[in-house]
Each structure stands twice: as C-alpha cells, then as structure tokens.
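Naming follows writing order (A, B, C, D, E and F), and every chain is counted from residue 1.
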Amino acid sequence: MADLAPLPAIMLEPLVRNALLEDLGRAGDLTTAATVPSHVNATMALVARQQGVIAGLDLALLAFNLIDKSVVTEVKRSDGDAVMPDEVVAMISGPARALLTAERTALNFICRTSGIATATASIVAAIRGQKAQIICTRKTTPGLRTIEKYAVRAGGGANHRFGLDDAVLIKDNHIALAGGVRPAIERVRAGVGHLVKIEVEVDTLTQLKEALAIGADAVLLDNMTNEELRSAVDMVGGRAITEASGRVTPTTAPAIAATGVDLISIGWITHSAPALDIGLDFRS
Amino acid sequence: MADLAPLPAIMLEPLVRNALLEDLGRAGDLTTAATVPSHVNATMALVARQQGVIAGLDLALLAFNLIDKSVVTEVKRSDGDAVMPDEVVAMISGPARALLTAERTALNFICRTSGIATATASIVAAIRGQKAQIICTRKTTPGLRTIEKYAVRAGGGANHRFGLDDAVLIKDNHIALAGGVRPAIERVRAGVGHLVKIEVEVDTLTQLKEALAIGADAVLLDNMTNEELRSAVDMVGGRAITEASGRVTPTTAPAIAATGVDLISIGWITHSAPALDIGLDFRS
Amino acid sequence: MADLAPLPAIMLEPLVRNALLEDLGRAGDLTTAATVPSHVNATMALVARQQGVIAGLDLALLAFNLIDKSVVTEVKRSDGDAVMPDEVVAMISGPARALLTAERTALNFICRTSGIATATASIVAAIRGQKAQIICTRKTTPGLRTIEKYAVRAGGGANHRFGLDDAVLIKDNHIALAGGVRPAIERVRAGVGHLVKIEVEVDTLTQLKEALAIGADAVLLDNMTNEELRSAVDMVGGRAITEASGRVTPTTAPAIAATGVDLISIGWITHSAPALDIGLDFRS
Amino acid sequence: MADLAPLPAIMLEPLVRNALLEDLGRAGDLTTAATVPSHVNATMALVARQQGVIAGLDLALLAFNLIDKSVVTEVKRSDGDAVMPDEVVAMISGPARALLTAERTALNFICRTSGIATATASIVAAIRGQKAQIICTRKTTPGLRTIEKYAVRAGGGANHRFGLDDAVLIKDNHIALAGGVRPAIERVRAGVGHLVKIEVEVDTLTQLKEALAIGADAVLLDNMTNEELRSAVDMVGGRAITEASGRVTPTTAPAIAATGVDLISIGWITHSAPALDIGLDFRS
Amino acid sequence: MADLAPLPAIMLEPLVRNALLEDLGRAGDLTTAATVPSHVNATMALVARQQGVIAGLDLALLAFNLIDKSVVTEVKRSDGDAVMPDEVVAMISGPARALLTAERTALNFICRTSGIATATASIVAAIRGQKAQIICTRKTTPGLRTIEKYAVRAGGGANHRFGLDDAVLIKDNHIALAGGVRPAIERVRAGVGHLVKIEVEVDTLTQLKEALAIGADAVLLDNMTNEELRSAVDMVGGRAITEASGRVTPTTAPAIAATGVDLISIGWITHSAPALDIGLDFRS
Amino acid sequence: MADLAPLPAIMLEPLVRNALLEDLGRAGDLTTAATVPSHVNATMALVARQQGVIAGLDLALLAFNLIDKSVVTEVKRSDGDAVMPDEVVAMISGPARALLTAERTALNFICRTSGIATATASIVAAIRGQKAQIICTRKTTPGLRTIEKYAVRAGGGANHRFGLDDAVLIKDNHIALAGGVRPAIERVRAGVGHLVKIEVEVDTLTQLKEALAIGADAVLLDNMTNEELRSAVDMVGGRAITEASGRVTPTTAPAIAATGVDLISIGWITHSAPALDIGLDFRS
C-alpha cells in the first residue's frame, strides 16, 4: 500500500466547524456549562472498543482544538493502523469543559470514518494475495465524500472517481440515449480533456468487444457471473482496466478476485458500513 | 404514531444544494453532457429494491428540481410508508440530462434516510404492543442531524435531544466533575430555562435514588441488566421518565421493553443502519 | 444566580467576523489607513459611561483580535458585573490602526448586549425577594438570538425557549386550529421527544383547568389581571410552572410577582432595551 | 422627501433566510407541525398596535414566502407611511402552518425596522420647518446595517456613511495620531478617490478654522453648546456641510436645528429605538 | 468540435449572486433608485463591439434575473459563436431599474469569459488543419476556474486538469524531491485511483525515455525547441500523449503544432486574455 | 503618492481560502502527496521574471500560511515597489509539501494583482509631471474588486467608486429616464446622504453647462476629443472635478492629460491587464 498522505486541515476544518455548531445549537453545552467548573483540567484517552482500522484522527483532534486552542493532543496510532479492543488511539488533555463539549462531535467523525476503513480492510483482507484492488463508489454520505474516500484509502482500498467531473463513466442509460457504445465513447472523447479517463459499463461480451474496439480506458463489468467475468478478462487481454461490480461481500470477493479482474468496486463500504466503536475515557 | 410533519424546504435546500455541488465539482457532469442530447426528455421511476420504510422523499425530489426547475415529480408513497421490493415510490419526468445528473445525489439522500427509517421500524416492530418507545441519540452523521432525526420519526421512533443545548443530560463524567448527582442537578436547575428538561445518567440504584430525590425529569439507565432495569422502574414509580440504554438489537429489545421502561435509546439506528436499496429505472 | 458560563468562541466568531466585514466594506478603513502610521501602538480603555450591567465582553475583545492577532486585552470586569459611570471594563493594547478599525464593531456589540443585561437587571431588581424569575422571549434581533439570550442571563434573567424546535408553546391560534386545548396537547405529546416540555397559553381559567387536566408542563397566563393571576396560581397549585406575560415594566413587575407566579416573561428587554453607553478612551 | 426606493430582494433574502433558520433550529416548528393540519389555509392581517411609521414590509413578507412560495401577500400600506393603532398594514394568506411558522421572524424584522423609522420620524417632526436634516450613525446592529439605514430613510431621515470605506470621517484620535488637523486631512486627500468626501470632527473653533482652511467637505461639531454651534455655522459660512452631534432628543432637537446646522446626527434612532408594536391577527 | 454543454445554473448562481452583492454593497444602486421611476420598463440589446467569440451568456442573463425575476431574455447567439462588431447577442427586457442595476455585473462576466474564448479561438485558428489541440492550464482567476475553463471550451480549446486532485502532473520539483522520474511515477501509481491519469514534465530526452519506460499516460515537454519537440514526438511514437508548453503565441503556434505534438498548453488565454468589448444599448 | 496601507487580513482570507479549496478539490494534491515525503523542508524564492510593479504580496503569503501555519515568510519587496527580472520578492520556507500545494494559488493571486499594478504604473508614468491622476472603473473581476482596486493604488493610480452604493454616477441612460440632467441631479441630491458625491456623465458642453449650474461634484467627460476636453475644462473652471474617459492607452494618455483634466479613468487596467510573470524557484 502507498503512503497515506493526510488531507490539509483547510479541507477538514469547515466540516468539523459545521458539526460542532450543529451540536452547540443556539445555547451551547448546557450541561457542561452548569456542572463543570471552568478551571478543571482533564485528560481523556481515545480508545478503540472493537477491533478495526483507524481513519479520521485529524477530524477528531480538530474538534477539540476548534473548541479550545489550548487542548493538547498526542497520537498513539495513525490512520490506517489496525487496532485491538482497549487500544489507546490518542490522548487529549485540556480544560474539562472543552473535552466534554467536543466529545460527541469528535466521536461521530472518527467512528464513521473508521467504520469505513474497517469495512474496506475486511474485504481487502479477504482477497489478499490476488492482484485485484478494492475500490469505492460515489455512494457516499452527502457532503462527506472527501473524508469517506480518504477512509477507504486508510482501509487499504483505492478510489473510484470523486464526482461527475473528474472522470467519465458511461452507464447503460448514457449508452441508450447516445444510441450505442460507439457514439457514446466517440462523443465523450471529443469533449473531454486529455487527462480524463473513460470507463464504460458493459453488460454483455458484445458490448465489451465494441468498447475495446474504440479504446475505452476501463470497463465496468456489471453484475456478471464469475464465469462471464473470466471471459471478459480474457477478451480484454490487458487492453483496458477491468472493474467488477455487484453485491460484493467478504464471502463472495475471493472468487470474484480469482477471475482476474483488476478492480472490485463496492458501494457497501461507504453507504452501509457500521460505525467502529471508539470511545473516550477519562484518565485522572 | 403521530402525523409526520414535513420539514420546511428552507431547511433541506442547503443540504441538497451542497451535495449536488460536491458531485458536480468544477466541470459538471462530463459524461451526460457529452452523451445525452439536450432536447431529450425522460421519465424515471424511483423504485424500492428492498423491503423497508421510506424517508427523505423531499430530499430526493429537491435534488432533481435544483438541477432543473422544469422537472416534474409525482409521489406514489409518503415518508413513513412501508414498501415492498419493486414498489414505485415516485415518478420523475423532465430533461434526461437533469435526471441523470441529479440521480446519484437524490439516491444518496433517500437511501440513507430510508435506511435509518427501516432500521428504526424493525426495532419498533420488535416491541410492538409494549409501551416503550424507541428513541435515537446524538450519534448522527456530522451535518445531517436534522434529517436523520426526521428519518427516525418516519420509522416510528421518537427523538432524544437534538444537541447540547435543547435539553440537559448529565452523564457520569459530569457527575464526577460536579462532585455528585445532587450538586450536578442543582447547578443545572439554577442555570437553565423552565422549558429545559433534565435527564440524569445513573449506573446504580443508589444514584437513581438520589436523582429521584432531587427531582430529575428523566433517568438514563445505562447498561443495566433487565433485572436491574425492573428494579429501577419499580423504584421510579412514575416519578420520572425511564430510559434504557445499551447495545439494543431487535433480538434483545423485547425483553428490555418488558421491564417496563418508557424509552429504549439506540445509537445503531443512526450511526450504523445500512442504506435501503432504492434505485431509479428509466421508463420510456 | 448560577454561574454565567461563557459561550465557546466558535459560536461568537462568525457574528463578529461578519460585523467587521460589514463595516470594512470593499476598501477597508480609509480614514485610519491614511492618518495613522502603521508602527504606532496605543492603549485604550473600555469605559462605562452609564451605570449598568456588562454583557458581551468576549464579543468586543474578539473584534480587536480578529483585526489583529497581536492585540492584547485585559479584562477588569466580567459579564454580569454591575458597573458605575467611568468604570474601566477592559484594557486593550496593540497597533493603533487595529484599535481604531475595530472600535465601532466592538462597541456596537457590547453596548447592545450590555443594554439587554441592564434592562433585565432593572426588572430583576424590582422584584428582588420574590420567587418569580424574569425570562425573555423569542422577540430578539434576527441573527443575534444566541448572544441576546446570553445577555439576559448576564442580567440575572433566565431564558424561555431558543426557537421553534426546542420546546412546545401552544398559543391561541394553535388551539383554535387544533380544535381545543385538549386535542392540541394530545397531538403534541404524541409527536415530540421525551425531553421536550409543553407549555400552553391560556386566556381564561376554564382553559387553564383543561390544560392542567391533561398535564401541561407550564402555562402561559397571557394578559391577565393580577387578580386573575392569583386565581390561576391557586388553581395550578404547583402542578405546572406558571408564566405571566403582558406589558411588564419595573413599575408593574412587583405586583405581578406578588401574585405568586413562577415566571414573568418580557419581550421588551430584548426588542426595545436601549444600548448601554460604553466608550473607548485612549490612554497614552 | 425623496422617493423611498426598495432594496433589491437579493440584498434582503440572506438576512431573512438566516433568521428563519435560526428560529427553526434543527427540528422545525414542533408546535405547529403537531397541532395544525397540513391542509388548513388561513388569512392573517399585519396590524399596527401603536402609532408609528412603517419600514421593512419586504422583509416581513419575504419571511412568509421563503417558508412557502404559495403564500399570497397584499400590502395596504408602504414603507414610510404613518400608521395609527389597529391599522392594517398587509394581508397574508396561505397554508396556516406557513403563516404560524414565519410569524415571529416576520415580526422581529418589521417591528425593529419600524421602530427605527418611528424614532427617526419623531425627531424629524420635532424640527419640521427648519433646514436641518436628521441623520444616523454607524451605531447599528451588527449585521443589519443595510436595513437599519433603510429604516432611517423610511422615517424621513438621511444616512451618514455606511461603513469605514465609503467616506472619510477624521475623529479626535485620528487627528492626535496624525499630528494635527492639517496633516490628517492632507494625508487622507492624497490617499482616497475623488468621489470620497472628507469630514472632520472639530471640538473647538480653532480646529474648525484649520479644517476650513484646508477645505474639508463637512465638519462634525461634536458636543458643542448651541451658542458654539451658532458661531461655528457663522464661521463656516456655507463653505462646508455642518453636522451637529451629541445627545439629541425630540426635546433638544429644535434648538439645535435653530442654530442653522445642516445636519443633526443621532445614534439613538438605531441603537436604542424601541420596537414598534405590530402584530398578526387571524382573520377567518 | 464537440457540442458545448451548458453548466447547470446551480454552478453559476453562487458566482453571480456574489458579484451582484459586491456591487450593490450596503445601500444598493443609489443612482438608479433616485433617477429611474419604478414603473418604467425598458429593452436593452447586448451588443458585441469587437469581433470575437461569445462565452458566458448564461452568466450575464442570470445577473438580470437574480435582480428581478420578471426580466425576460432572448438569446440571439450562443456560447461558442463568432460575432462581428455591432452584432446583437441577446435582448433583455424588463423594469429599467433592474436592467441598469445588473448591467455592470452582467458585462463584467461576459466580457471576461468572451475574452478568454476569443483568445483561445485565435490560437486554435492559427493551427487549423493540424492535429494539435490548444489546452489551458491552472493559471486561472482565483474562484472562477469553472467558468474560465468553460470559456476555453467555448473558444474551441480543451481543458487540462481542473485542480490538484483530478489528475497527476509530476513536475520538476516533484521529480527532484522524489529522487527521480521512476520513483515519482511509481509512488503516484500506487497511490491514486484507476481513473487518474499521470502526466510527467520532462526537460530532456533522457527523462522522456525514463517516463516512457515506466508508462506515463502523458508527457509535458517544457520549453523545448521545435527541434527537440520533433525528436520527442518521434521517441514517444504514440505511446503517450505529448504536450508542448512554453510561451505560445498565434505566431509561434503553427511551427509548434507542426512538430506533431498532440497538445499545446498555454496559460496566456486565461491569465492575460484581454476582455472582449461587449456593451448594452437601450432600445426604445 | 500616499502611503499604501495594507488591507486587514480578515478581508483577504476568505478569497485565499476559497481559491485554495477550489484547487484542492475533493482529494487534495494527489501528485505532491504521493511524491514528496512529509518530513522534507524546502525554501522557495518568489522571483519576478518580468519588469513590473508588485501588488498582492499578502495574498500570496497567506496562501502558504493557510495550507500550513509553520511556513515562514520573509518579504524582500513591498507592494508598490518596482521590480526587475530575477529580483527576489519574498522567501518562503517550510514543509515542501505545503510549498508545492499552495504554489499555484499564491501565484495566481500575485501575478494578477501585480499585472494590474504594472499596467496602472505604465499609464501613470506616461503622464508624469502633469496633474491628472489615473483612476480605475467598476470593470473588475467579479468577486475580486477589493484586491483589484488595491492593486490600482499599488500601481500609483487612484480609485473610482467601489460599487453602486458609495457614490452617485449619473450616466446617459439615467439622464434619459429621469428626463434630463437637472431632474436627475435634483432627485439624487434629495435621496442620498451628505457624504455621497455626485458625478454626472456629459457628452456635450450644453449638458456640462447644465450639470455645473446645478452643482455636480464631478463630471465625466465621455469620449470627447482633446479639443472638447480643453473647452470643458475651461468651462468648468475648477467648479467641479473633471474626469476624462475613453480608450486611454500609454500613447494617448499624455495628450489627454495635457487638456488639464483632473482624472483619466481607464477600464483596461483592471479588465484586460496581462498578468505579471512571477515564479517560485526552489533554493536548496
């Protein structure tokens, strides 16, 4: 796996700021303001309560620092690291009020992104040793695509396109409305820049043949049987990147990978991955 | 169940607009712009592919209308309705380009919110006939709390507080830092308005006794056995609202409900509910 | 009075930033840029010119710090403190340009919020010794509710609900459209969370009786005579919180409080309180 | 008085939208959603409950239309009109839910801006027949300067500068830091565009003489006695615009105007004007 | 040239709204409000005053419609069309106040984007008949990249990448810091998705050889002589896309195109293209 | 020339933040993240590659600091300074990743604003020794007016009005719709504040006479011959500021200035000035 480069804080801050303000509402943290004296300091440990893969530490730590700049944080694990139950991921020290006020927002971020990383890692592990890569889709939470795609990378997966504008993916409806695979690809090629790759969804080997003839960069083999996938991989013969798509699970993934496809895309890791259970424990 | 009042569009529009712009990026929908002629109109059906409960129709339809005001939509089902596989939820007609460009954003919203409604409904169904209500937590997706709490209502659940500022929830850490249950409640009562209710998390019957003595509006019975819950409900004797909290599942819920608690709160329905599979099919 | 917990800076900063940019416009501070050399430092004292109660110090100081991070501030008084004419509230030191550029914005905030605190305190003082609390309404300046409600707390008052969504207040029109007090309360109770309190506006003792029978948490006794208020308080007998509402002034407040109501709400302290006169004086 | 041109809706909409969302919070209008059936329509009259001058009708009507586009409004009076108690200012018809949800926001705007117009008009009336104009200051509510300055115009007053960047106002501190009236004006003149007017605050006739010698466009005669004002007006002799400033009230204004000054500026009309009492009455 | 698909209005509106508010400031259009009666309607023609290529009509028309929804527009030419002096591009009818208030903003947009289209078209014309395409760079106006890249397409050019995140461009500094062309490409390939193309800047034929050996998708031949370009094109032999870069002008472009490169990139068309002179004429 | 006061960072930051996020998109800097190790530091020199005048240093340096607070910058030249090719303008040191990621945004700002300053300076130089000042117009890039007008000042020019609201400029269409020069000026004078200057566009000496009779503060002499300008200046005789407008170039400017006008306005310096070539060079 390649290094996992962190996203610049300028990309994360608007999300964390928005989430904190959503939680603070119009009156702030009523409970903490009333019960916790302003001068009390505390230290909390961010602790995994489940086995999984961590992603989103910067988001969680930023939540504390945006509430109070004097909060000090120390990371014990990095994004992409596997953790076991009770493992300490980071230590956070500062005014007790700030820690309690930011707690839920910090956890809402890191539990979600770590859940995605963990789900991704489970599929990646299932096909270890085979050449296929696990990739995500655009089925992400509205507004959080940047950090959810990052979480997929933290889990050992790779990213499909980030939006409608950074790559072309010609699907069945596009083909139908364009009047076939050939006119669809040709029109696209005339209209997009040289750094934009073109992928075509094909449902049959006939369509695949056509797409290859015109020179698609990648082909999305949608809901094919493993048998069909093998034939498709053979027909492609390295001339295009092959992507298998369908209801992939840790159970079905190995056989799909064994067909020789380059990529296995899976929406479930972003739209339905359960949150990873991570909590904050007070340490005296 | 009470009527499910829709949220005003002014509350939904910023979310949908933001999600569309996230997907459109800097260059818009490259594929559709190149392959679909501008004059082609189309009709699509929003179809459930799984059994579940619908929530978020307004979000999905708004996605289409924000891309093109001329899109016409017709709802066939309402938020809160149970649907079966292949059931049509709404029809959408208009320029084919607009339909294809808004498709993913519309689905990303409604699949997520319907997933929450469906998960909620499954727990609600499991305890049908008992007085306990299923409620959610603040473990929601950053930035989407408004619509996720709405989805819980669509699924037949009720809402816990919406943020740190609309109710008081005194947790173990607050009690520790305030020096006990009594000082914590007293300080809160002196500091908040008359319409703010006070709930206290209690881990033992001793703490419960103290909380009742001072007059908490509600008590959060955290991670108690069903035996302990029954004792707690007895001790409360109607003087406060009782909320059971812990790892609730459709399997464990009935026995918890049978202890007589008023509320069962569950984070899973918002932070880990799988998306409901809903798709868009072209209808000639 | 309970401690007055400060609002996190993350809640104040967008307001102050917006106000500074409103004043700076498109060309910045023309006068200061032309007349004041960049290297000159200065010290200013924030001085009360009238007797009153201070609120909003953080807003004022933030105005200076957002213009120039190097500005140093030292508070001499705290929010909630009573001040006499010529009393120094805070000292501000730094580049003279920054002090002059931020001056008006800083004062516009603190004079307004201190005006609200002062108005609140005058009513609070008028009923000292009685149990009734002075509370505010939703009649606040559009966009500034958070800090105006905070100013009410600084003046010794308490807060009514912060918006349409954090508590229920059933008014005469709701009752009329719902078909009576009973159906109105029953529908609300079925639709809101367990931490949402329900208050009902009643104009007559008959309505009050009905509201009590169904178990409203609070009753708003609108525009009743003191005689009627006394009867209402008697009828309630501690079963609900009683709120008197009408044109309350420092003169009329004591008699209203003497009726035994729990709360006296007053819109005037937010919508019509005159600003407290506070100025900035250069100290060599 | 000149015609009062309305501000384009694009300038008002962000303010009204923000205020509505502030009131709706995260859950919307709980009370109305539960008590008012969705199909009920209603008509409300916007009614003055006090004598005064109306300003801000567009803001109030926009609040209803932003909640529901189907609301129909009909104005009976215009901004700048004087109204008597019980006079109907506008009629609003549409879904009862929308009317009740937008009510408070609509009133919070129009009561404030009409309060400013009314306060302005009272001073304007006090000096009727004299040439002096009543003008406002930059002592406005943070974020609302545009509409508060508009309200001053509606009340028959005129506007001082709108910010730090659209005119130069050299005050005592600027003079001190620049080393005198002359260098202050000279530096400003070298640095600003030809359409920027220069006003200088003078505390003595000596300073006034200096300002006139260098050719200030306007002079701010701060806290002078009426005697001093008369001398100043004489000395100016029409060579500059004269502005009197100090604690102006309806009582003191006529004598100040009688000194012959061109302008009387007064902060009170924006920072301390009480709201005008305007309400909404249901009409069957 | 491919069809020029319009950008969805949702992508343009924030830019136009922001520009209108920048021009309206805090007081709106003082001149028009005072001089033009509100009931006067007018018709204006958007007229080219120079020969050129039109781009950005939607932006210009949106400016009028955002000021007043009742403005009616009729396009006579489309984006991408060549126009001659005095040619009418569109007709705009509606309230005279709205037309005058939006005029400058509308023109500021369309003159700039048409200037870019015109500059692009002049280079495209200079190399007509050769296979090379003219492409833009990331040297665009901060905040306006979307519409400036669109204008390049309107002028017959194509787009290079839209940002740092939609394609990889390994420049000299990256190569130096990565320790050579090979490690740079290898690290990138391990870290980016399958739809991300990789382009490498090469200054020498030795570097080019290395880049080709590792399989770069495209090579940026920076500041090479035409002689070197020819050798480079020969060496590439169709295995990668070739992009020539340097100070390209209409004069030098033909010889560069004659070297056989696929693409000629040029920053000048976005960062230094003069505005196209387009005006608005009143038609009775 | 007057001192060039810097704009407060609070006015620049939203522009730079927006531009960085535009470039970072949804995935950040793919190339740098993959090729540059996180621990490598570097130093870059901001170097002029052309002769010109610098403007916008704060914008460029802010770009680096917003990506990484640890970046250290040292300015060698100031805004308004003339530079020669290869002159170092500033040094920037810090994490190599941050330098490379912010590079393009920093340059896009400073090259544009320095281009405007340079163009302005070239016209200013052409009329050196004459009293006329060079001023800009409202023909600026949408959203960037603040910094483009600042750049004009850095180039030795002065600013015309900043928007529709800070001064009155009565143009031909306003005159036509108002029914003449006199009613136009009279209506304006009745409607605007005392610090708002009034300029009138006149096409003929007859109109000029009328404008002077009513007392316009400035007159815009549009597209007059130098002969006509001389007559106009004579007629004005110092009673108003005179502004010449038309297609001014360094070649035609001296003769225009020689007519004795006070101001020469020119749109070209903002809407069509080519960027100044400034680059970043790595220094080991």
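Following the convention adopted for this analysis, contacts are C-beta pairs under 8 Å (C-beta built on N, C-alpha and C of every residue); 3 or more make two chains touch, one makes a residue touch a chain.
The structure presented is a predicted model; accordingly, all values stated were derived computationally and were not measured.
*Asks:* State which chains count as neighbours of chain A and simultaneously of chain E.
*Replies:* Common neighbours, chain A/chain E: B, C, D, F.
*Asks:* Out of curiosity, which chains are bumping into both chain C and chain D?
*Replies:* A, B, E, F
*Asks:* Most remote chain relative to chain E, going by C-alpha centroids?
*Replies:* So the chain farthest away from chain E turns out to be C.
*Asks:* Out of D-F, A-D or C-D, which pair touches the same way A-E does, with over half the contact pairs the same?
*Replies:* It is D-F that repeats the A-E interface.
*Asks:* Mind checking the centre-to-centre distance between chain B and chain C? Centres are C-alpha means, answer in whole Å.
*Replies:* Centre-to-centre distance between chain B and chain C: 32 Å.
*Asks:* As a quick test, compute the distance in whole Å between the mean CA positions of chain A and chain C.
*Replies:* Centre-to-centre distance between chain A and chain C: 44 Å.
*Asks:* Rounded to a whole Å, what is the gap between the Cα centroids of chain B and chain F?
*Replies:* Chain centres of chain B and chain F, defined by C-alpha means, are spaced 51 Å apart.
*Asks:* Scan chain D for residues touching two or more other chains and write them down.
*Replies:* 2-3, 5, 22, 24-29, 32-34, 101, 145, 159, 162-163, 165-167, 169, 187, 190-192, 196
*Asks:* Could you classify the connectivity of these chains, where an edge means two chains touch, as line, ring, star, complete or other?
*Replies:* Chain contacts: complete, every pair touches.
*Asks:* For the complex, which residues does chain A have touching chain D?
*Replies:* 22, 25-26
*Asks:* Taking the touch rule as given, give the residues of chain A at its contact with chain B in the complex, in rising order.
*Replies:* Those in contact with chain B are residues 15-16, 18-19, 22-37, 40, 42, 96, 100-101, 104-105, 107-109, 111-112, 115, 138-145, 162-171, 173-178, 183-184, 187-188, 190-192, 196, 268, 271-275, 282.
*Asks:* Okay, in this complex, where on chain E does chain B touch?
*Replies:* 2-3, 5-8, 10-11, 145-146, 149, 159, 162-163, 166
*Asks:* Please output the residues of chain A touching chain C within their complex, sorted ascending.
*Replies:* 17, 20-21, 24-29, 32-34, 38, 66-68, 97-98, 101
*Asks:* If you look only at chain A, which of its residues touch chain E in the complex?
*Replies:* So the residues of chain A touching chain E come out as 1-3, 5, 133, 135, 158-162, 165-167, 187, 190-197, 199, 217-218, 241, 243, 262-263.
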